[in-house]
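Letters A, B and C mark the chains as written, and numbering starts fresh at 1 in each.
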Amino acid sequence: MSTSQNRSLKLEPVSGSQHAVRLTISNPPINLTNSVLLAELHGYLTYLESNPDKAPKVAVISSDHADIWVSHLDLHIVSAQYPLPSSEGESGHFLHLLGHILRLFRTFPVLFVAEVNGLAVGGGNEFAVNMDMRFAGPAARFGVPEVAGGIVHGGGLQSLTKLIGPGRALEMMTSSRALTATEAEKYGLVNRAFSTANELRKYVDALAARIAKFPQGGIAGTKQGVRECLDGVGSVNTDMQRLGQLAHTGDAQGSISKLIEFGGDQSKGDFELGLPDTADQLWV
Amino acid sequence: MSTSQNRSLKLEPVSGSQHAVRLTISNPPINLTNSVLLAELHGYLTYLESNPDKAPKVAVISSDHADIWVSHLDLHIVSAQYPLPSSEGESGHFLHLLGHILRLFRTFPVLFVAEVNGLAVGGGNEFAVNMDMRFAGPAARFGVPEVAGGIVHGGGLQSLTKLIGPGRALEMMTSSRALTATEAEKYGLVNRAFSTANELRKYVDALAARIAKFPQGGIAGTKQGVRECLDGVGSVNTDMQRLGQLAHTGDAQGSISKLIEFGGDQSKGDFELGLPDTADQLWV
Amino acid sequence: MSTSQNRSLKLEPVSGSQHAVRLTISNPPINLTNSVLLAELHGYLTYLESNPDKAPKVAVISSDHADIWVSHLDLHIVSAQYPLPSSEGESGHFLHLLGHILRLFRTFPVLFVAEVNGLAVGGGNEFAVNMDMRFAGPAARFGVPEVAGGIVHGGGLQSLTKLIGPGRALEMMTSSRALTATEAEKYGLVNRAFSTANELRKYVDALAARIAKFPQGGIAGTKQGVRECLDGVGSVNTDMQRLGQLAHTGDAQGSISKLIEFGGDQSKGDFELGLPDTADQLWV
């Protein structure tokens, strides 16, 4: 998809990779989850759904706003007193788009990586916790104002609870207080927190480019197995069947041959001792 | 409920809040989970069940004992050699009360907050892990002597495993060694550990009073969603339906209007950048 | 079982305990999960299955290799280009053994403790995460090269995700980069990491010997309850029924009597205040 017609999204390759993209959200003044952002993000994801051959293996989602990653849902979408101008569209339509976006983050076979260095609040936090991984810079703050507003964190409650456990999820959701980057790392909301925006960017770019070198089948199968685990329907048997099917592919058999060759037929040496890190030598 | 007739429980408001209470357990000499404590705690909780309009939003549970938060079940309740005096009641009855208390902690729409600064052992640990959140002071110790005693941590096993993961839960439950406050925080058994009893009290009081300002619907809905998550029956759809119902209430619509007004119609400013923390300005 | 005929396994008691064993894996040059190791490990575990009275309560699994705990599956078992010599056996047979070994780690009523001070990679990581607890020395590294090889971490995906959460599990499995001992402890993959091999050994030996003093019923019931929790079929009711059955055994009733006697009938003193740690005095 060309995103040149998009106002709120900028798409570019990561480190020149064909298979890793960076999606920068730019929706001033506060990166609100409004009709424009919802429609354009939904458009991008459903384009990938219809054109899976054009989908990247990894999509990093970041923001060009100094203080905000992604802010909450446009309140006019849910306000009776201050409703959305009818010219902008139907409220119900945009709530549907939000639900579909979150479902695609959870299930579409692309690894969605949230690179958060600013406020992720309300709908913005829903985006983050429904993605596959999260990394934080020093300005990251994660927050849930919904309970203070009389509602619940509908699209994020399940994922958040699975990430940080019930006790901390309940505190975060009912207290309307933000987690800092350091707390988010300590509790497992993000994989890692970094001291500078530069380190964050460098780590995420390297990770995305590295993963994007590996065959798509294993990446997609891994995401699916983890999703089944989270949905309470995972099993070793299913994962083993998936492994069995993938093992017959050319990607896998070619890799297995190279692993045997590079490791001196499984002898003691730098390649075997350096696994799993050295396995990137298969894809140079 | 007046608790003036209770011997083992003291009830008082938190920081003058109408909706947050502190329940202090005082059952000398060792805060044993005995017939008195079980009957009185059960009486309080079932009173709330029958009079939900009198229920607080948050209930903090602490102890007035210098070394013990809540100790194990009165062993006479389960001993053949040294049985409970028949004048005290039926063993089976008290085991039933214990099971019902733990179920109410898990499911009744009040946030139960364990403020632990002493030993939580056996039944005491079951109390703690079945509550919604736990905070620890320097004297906190969490322990499971059941396996050393030939049995299992029946009422706490599921909740504990979900809080700290299978590896650490198995070690804690089979080794009969206590976790310190620091370990409990590191493993996620408590949300936070504090260096002094005073800091612990201050944090918990502020948290309880803050949450108690927010509408009951979102608090209850959040607890229910987290419970469904833990019970393996949660779903984004259910949470979204709950959100949809709450969004039509006066509490929610009033909040949404205020959020729009306080934030300058979602413009870049202190209110929006300070979310979710600034959302407490809605309820002053 | 005598393991004297085994080439890849050495069996010895832990600290002279009758009920805790150490199983040292010795399969040069790289502790490969090959036909020999699979057959011998499977032989040991199925021997225990057929002779449960000879099973230990705790089995520590360590390695005598300086750099490797357990390495990946012998690639010849899954290679079309470089297949297993037919003299060595059927590939399908060894994959079946691997699946059965992992299932026995998860379900057989022995606590399997991985003492890891070296590389646990691929199948080796599957061994580790399917055991009940993991402890790490300074040389421990945990890794998953499968996705780089075009497949998935079939036998470890579910357990790993439950241990370290979806975000970190996805990163570990798709990036083909190892976790260090420190990271593994921080993320909850291991219960604890130690700075020296000696401290690791000392801690694990003491833990195994301590647990092995306690009655088998509570250990087995605890493992079963945790397994049910992980499989999404656990419930407080089931655990309570298990408790009820165990409470009638001689082990439990004898312990309860001693607990009452040692604690001065539940009075305030060193025994009660020192619980659960002091409960080992029941078994000296």
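Just so we're on the same page, a residue touches a chain if its C-beta (ideal position, glycine included) is under 8 Å from a C-beta of that chain, and two chains touch if they have at least 3 such contacts.
Computed from a predicted structure; not experimentally measured.
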| item | value |
| --- | --- |
| Interface numbering overlap (same over half, different under half) for subunit B and subunit C | different |
| Fitting subunit A to subunit C on CA atoms, where both chains share a sequence, rotation angle to nearest 5 degrees | 120 |
| Whole-Å gap separating subunit B and subunit C, where each centre is the average of the chain's CA atoms | 33 |
| Subunit B: positions in contact with at least two other chains | 162, 232 |
| Complex contact set, residues of subunit B against subunit A | 111, 132-134, 162-163, 188, 190-191, 207, 210-211, 214-215, 217-219, 221-223, 225-226, 229-230, 232, 234-236, 239-240, 242-244, 246-247, 249, 251-257, 259-260, 265-268, 272-273, 275-277, 279-280, 282-283 |
| Contact footprint of subunit B on subunit A as seen in their complex | 29-30, 32, 67-68, 71-72, 74-76, 78-82, 99, 102-103, 119, 121-122, 143-155, 157-158, 161-162, 165-171, 173-178, 187, 232 |
